[in-house]
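I have a structure I would like to understand better, so I am pasting it below and will then ask my questions one at a time.
Labels A, B and C are assigned to the chains in the order they are written; within every chain, residues are numbered from 1.
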Amino acid sequence: MGNKIEVLDLNAGFGSTHVLKNISINIPKNRVTAIIGPSGCGKSTFVRCLNRIHELVPSAWVNGRVLLDGKNIYDSDVDPVDIRRRVGMVFQKPNPFPAMSIYDNIAYGPKIHGMKAKLDEIVEDSLRKAALWDEVKHRLKDSPLSLSGGQQQRLCIARALAVEPEVILFDEPCSALDPVATAKIEDLILELKENYTIVIVTHNMQQAARIADFTAFFLMGELIEYGETAQIFENPRDKRTEDYITGRFG
Amino acid sequence: MNMLSRKAMDRLFTFFCIASTALAIIPLGSMLYTIFVKGFSVISIDFLTKLPTPAREAGGGFGNAIQGSFIVVGIASIIGIPLGIGAGMYLAEFPNSRLSRIVSFTADVLTGVPSIITGIFAYLLIVLRFGGFSALAGGVALATMMIPFIVRTTEEAMKLVPAELREASLALGAPRWKTSLAVVLSTARFGIITGVLLTIARIAGETAPLLFTAFNNRFWFDGVMNPVATLPVMIYTYAISPFEDWHAQAWGSALVLVAMILVLNIGIKLAAGRRW
Amino acid sequence: MKLRVPSFSILNGKSWKFTHDTLFQIFLGVISIISVIVLAALLLRELIKGSWPALSTFGLEFLFSTAWNPVTGEFGALPFIYGTIVSSMLALLIGVPLSLGIAVYLTEIASSRVRAILSPVVELLAAIPSVIIGLWGIFVLAPFVREHLAPPLMNYLGFLPLFKGPAYGYSVLTAGLVLAIMIIPIISSVSREAILAVPSLQKEGALALGATRFETIISVVLPYAKGAIFGAVMLGLGRAIGETMAVTMVIGNNPQIFTSLLHPGYTMAAVIANEFTEATDDVYLAALIEIGLVLFAISMVVNIIARVITWKYLKLEEGLS
């Protein structure tokens, strides 16, 4: 098992706010890595640095290295658009494109990347992988807003899968969902790790314990502790990690 | 002050507020009533489709003015809508550039330009240069009025699109231009269409910009470089004429114009309320 | 800990690439320059160029001369500037209290059902084209002023030069009334926003102390909202100054300065509308365009003030006017 992503000495922030401080972390291939930590500690900023979405905020800055399969994604010869295709993202609130049909939501990405042949197949395949096909196959032309929140989130996952990414970043994908929909997404993530490398930000420690192979604990922009999930939860080495997972702060 | 007179003051004030509202509604009611009563008897198929006749000669209509209004507003839309939407998109997509700030301020200033001034402008720019009053000049005058409103309405509609949608598209590896066209613009389209239609309703009744641009014409439209009759200018000309029957026709065309504008206005607002 | 400066490849210019996105930005940038900046510049240039013959002949005197006699070639803008100022002030004098009354009624007094019906009705007034208001002004309002409004004013206030007879239907007073009707929608709707922006805690505080509604509005609401309301008034003033058709149709179009509001007058916009197509010689036309330039300058100043103020207090977006 190799590392899909290696982060070396990453610093990032907005204007004069320094959010991420000297983060170095290896993210293993075909595993689920969870990022936990109190609100505002920089979890979202961190994952957004992994697909170069962070830099789209006008005041944002970043330096350090993020190696994807050994190649620094911040090198000047790298096209951020290509990185964003290879590293997909699912957001906190389900955000399907409201002006497009369910079908077009999924087809949007492949069309952009010139995968115009077999569009129907790609759409069906992505929806199946996201465990949504059976629920929507008869209403592909409908508006995505007619779906429930959980279905919308799976649609967003299908949309991300359709461009054949290698890594998928989940930024608190279940925080807007009820427990049943949450369980479905969690099952889905466990299935997806066969073929994808997954990073998931979560506030919910049970969720991290249930699905993650590795867990990283962030505090005020620093990586405090990183290891196998079982070790982090059962046997934390750092006092601050222990305090956090036992609910003594955060 | 004792309690009694304090209460009295309060009553008086409430009465003042109610009376103010009534005083604003009375003229509106009077206008709509008069237009309907005086205009309705004039309206007929002939009136809507025939050419005007000289004063004191029975029959005739405003067909050419109705046609001309559509043409001049159409020309203004062809010029104003693409330019306005383009500039509005720029303001929404690149809000932090220096150009954006200058454009935004200038567009605001332009919304306050008196309508008669846009008429002078189009006169100097088009009529003087191309040797005569023309439908084109009228269209340019109205487009000048339209553009700042369309810029604003486009910008606002696009800024209402949640940032997450934009990010979702970018995170799929879509380039920025594609994101703003396929996601932001298309999500904002209802807002933009509403704004554009309201702007059209607003300029369709403008008279001052047309007085010495589109001018007037007693015949049907015959080319964009020739003068053309429009409803508002006809209403004005007929209203200030000394002839009784022209006054009556002015009311008739006022009814046509008001009906079109109100239907457009109310229709758009109802439709927008239901989110189409 | 030292803060390192941004180090994006795109920002430090190492590899600035000409992409479709750059093209897109340039394309939209060019459109916005053409449709807004070039338009404004062209507008200013044409007005100055067009009025140059008059500007260079009459100089500043143009603004202060009361003679307007195209036949003898005498041109002075003062009667029009005076008429514009007097009719706009009259419009504010009538329109502002009414607009505030409406704003208070619709925010604080009316039930939500009444409000839902009446506020679109007041806004409907803004959708009526000015030529139609002028038409109504000629045939309904002007006769009403001559027969029912002017006589009592002359009877009771005739000792004031402002209300000296004889009364004409087409008069500065009629124009002021028409303008008041036309500025009420904008002033009342912006004032409503301003009143709604007053924190309810402040209002409740005053009410809890036993203040009546009137006292609360006078002592809490209006002071809090006064900045934005001032902006609303300026927006209305900008409207009134530039309004053309309705005024042209009812003011009587007489280029003489009368003190009496019951006499006819003339405004800058009206003289342009009325005489532009008749202006056969170049200086006459240029004089009218120069009046246009003055009108443009005045309404720009008023509008910029209005916008700066309403933005500051309400972060109000365009779309109301």
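Observations
In the analysis below, a residue touches a chain if its C-beta (ideal position, glycine included) is under 8 Å from a C-beta of that chain, and two chains touch if they have at least 3 such contacts.
Because the structure is predicted, anything quoted here is derived from the model rather than measured.
Comparing each chain's Cα centroid with the centroid of every protein Cα atom identifies chain B as the most central.
Set against the Cα centre of chain B, the chain with the most distant centre is A.
Centre-to-centre separation of chain A and chain B, using mean CA positions: 48 Å.
Centre-to-centre separation between chain B and chain C, using Cα means, comes to 17 Å.
Taking each chain's centre as the average of its CA atoms, chain A and chain C sit 54 Å apart.
Looking at chain C, no residue sits in touch with two or more other chains.
Of all residues in chain A, none touches 2 or more other chains. Chain B has residues 175 in contact with two or more other chains.
Interface residues of chain A, counted against chain B in their complex, comprise 51, 53, 56, 58, 81-85, 88-89, 91, 93, 95, 97-100, 108-109, 112-113, 156, 159-160, 163.
Touching chain A in their complex are the following residues of chain B: 96, 162, 164-165, 167-175, 178, 182-183, 186-187, 189.
Residues 6-7, 9-10, 12-14, 16-21, 23-25, 27-28, 30-31, 34-35, 82-84, 86-87, 89-91, 93-94, 97, 99-100, 102-103, 106-121, 123-125, 144, 147-149, 151-153, 156, 175-177, 180, 195, 201-202, 204-208, 211-212, 215, 232, 235-236, 239-240, 247, 250-251, 254, 257-258, 261-262, 265, 269 of chain B are the ones touching chain C in the complex. Touching chain B in their complex are the following residues of chain C: 19-21, 23-25, 27-29, 31-37, 39-40, 42-43, 46-47, 49-50, 97-102, 104-106, 108-109, 118, 120-122, 124-125, 127-136, 138-141, 181, 184, 188, 212-215, 217, 238, 241-245, 249, 269, 272-273, 276-277, 289, 292, 295-296, 299-300, 302-304, 306-307, 317-319, 321.
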